[in-house]
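Worksheet: one structure, shown below.
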Amino acid sequence: MPENFEYGGHRDKLAYPLGVYCYAWPIVATQKAAPLRGYTATKDQLQTRLRRIEGQVRGIQKMVDEDRYCIDVLTQIAAIQAALDKVALGLLDGHARTCVVGAEPEIQDQRTAELMAAVGRLMRRG
Amino acid sequence: MPENFEYGGHRDKLAYPLGVYCYAWPIVATQKAAPLRGYTATKDQLQTRLRRIEGQVRGIQKMVDEDRYCIDVLTQIAAIQAALDKVALGLLDGHARTCVVGAEPEIQDQRTAELMAAVGRLMRRG
Amino acid sequence: MPENFEYGGHRDKLAYPLGVYCYAWPIVATQKAAPLRGYTATKDQLQTRLRRIEGQVRGIQKMVDEDRYCIDVLTQIAAIQAALDKVALGLLDGHARTCVVGAEPEIQDQRTAELMAAVGRLMRRG
Amino acid sequence: MPENFEYGGHRDKLAYPLGVYCYAWPIVATQKAAPLRGYTATKDQLQTRLRRIEGQVRGIQKMVDEDRYCIDVLTQIAAIQAALDKVALGLLDGHARTCVVGAEPEIQDQRTAELMAAVGRLMRRG
């Protein structure tokens, strides 16, 4: 993210190629007026969640090393899936607000198409 | 379960309480006669997959740090979900063969119930 | 939303309370300029898909009546889930374009929150 | 299902081609001794659930006809997905008990593979 990038005003956004400078997270962190709602998270919160998920994946490796009961390992995998779903919903939410609704009208259409393709991949899981 | 079956070093685990010592992976690794099929993986293969998933999660942290486009981050999350689904199916398969079909008749019923509960959690994602 | 936009006969619906009159389908059917893309469908296409899904559900009832192999029944259920996912993505897409991006600025925020809640329910399946 | 088919004793099962005569539901309906647990359902219960799902799909058609709010339609779709998941889990459970655990040893392996393939399709949704 370039310094002095004024995001809320969408100032130099159109100077950049479509889909390159649009981040769900920074606007939320700086947009003081808007209440943080539901899925939306700041960049720091997002990184904290991702580190926790990384720790959960390492935890599963340890469980396998220790020959823990497979059902317990599967329960942990389902928990990671749920945590990843939450992160994904947070990103989708930020993207929808910032990069779709907040985009210049001429690119909203493509941005919506991208959003829906991402939702489809998440529903089918990859 | 054949007699004298060497259960990856866990030979007499079936004497242990239900649901505590039953691992999907070691039996597969040592059961030379049975072809490795579909989802089933050895413990090493499982750990390799889990380390790769751990790396993918760290990759996402890096993407967020570098303010990469959120749709690309979401695509990576969907890829991790797909990789976790594969690991889960491998464990389910091993568990079904070893700890359900291969279990003593008197515990097969509870083992099947556990298996189905795990499938339900995976379908609902946590 | 352009003035004099003929909203499939629902022209002044935007005067109505939030979240009550916003349909993904009619605008798509009449908005001639916009190419129909990916998931978006007209109301007729949507009804055709829903009738086909209804037929698939009846087909499963027949399979159960005829004592067909359960794995084949399960394959049909997965096919219905996939068809429902497609319908859902079509509605989400139409909703995002019409009722979120195309909404008055003061309600876009709540509309986005509703959209994300719907995506979350679909990812968790209910 | 042929008349006089004695299921619980697996009597003439092997006379039939693999995977043709194995139904999750009838054994449950007649196996009086076994308590109905969790996901398992009789054939009648299964048909009742499927008819209810069929009604839900028709309900969605009506909602579209009446131009109901798309988010409400999506909520109904998620409810149908959840109901189908329940039916699928019931079938998987019955199949696992009857057609996998209860099968002759020489076909248990293929039956488990079929079961896992079905779980994979349900997790990926088609």
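Every chain is named by a letter (A, B, C and D) in the order it is written, and numbering of its residues begins at 1.
The rule we apply is simple: contacts are C-beta pairs under 8 Å (C-beta built on N, C-alpha and C of every residue); 3 or more make two chains touch, one makes a residue touch a chain.
These figures come from a predicted structure and were not determined experimentally.
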Over half shared numbers or under half: where do the identical copies chain C and chain D land at their interface, same or different?
same
Rotating chain B onto its identical copy chain C by a Cα superposition takes an angle, to the nearest 5 degrees, of 180
Let me check something: if the centre of a chain is the mean of its CA atoms, which chain is farthest from chain C?
B
Where are there more C-beta contacts: A-D or A-C?
A-C
Whole-Å distance, chain A centre to chain D centre, using C-alpha means?
36
Between chain C and chain D, what distance separates the C-alpha centroids? Give it in angstrom.
27
Could you state the distance in Å from the CA-based centre of chain A to that of chain C?
24
Going through chain C residue by residue, note those that touch at least 2 other chains and give them in order.
85, 88, 92, 115, 117, 122-125
Along chain C, where are the residues that touch chain B in the complex?
123-125
Given the complex with chain C, which residues does chain A contribute to the contact?
34, 37-39, 85, 88-89, 92-93, 96-97, 100-101, 108-109, 112-113, 115-117, 119-120, 122-124
Residues of chain B defined as touching chain A within the complex
10, 19-26, 43, 46-47, 50-51, 53-54, 57-58, 60-61, 64-65, 67, 69-71, 73-75, 77-85, 87-88, 91-92, 94-95, 99, 114-115, 117-118, 121-122, 124-126
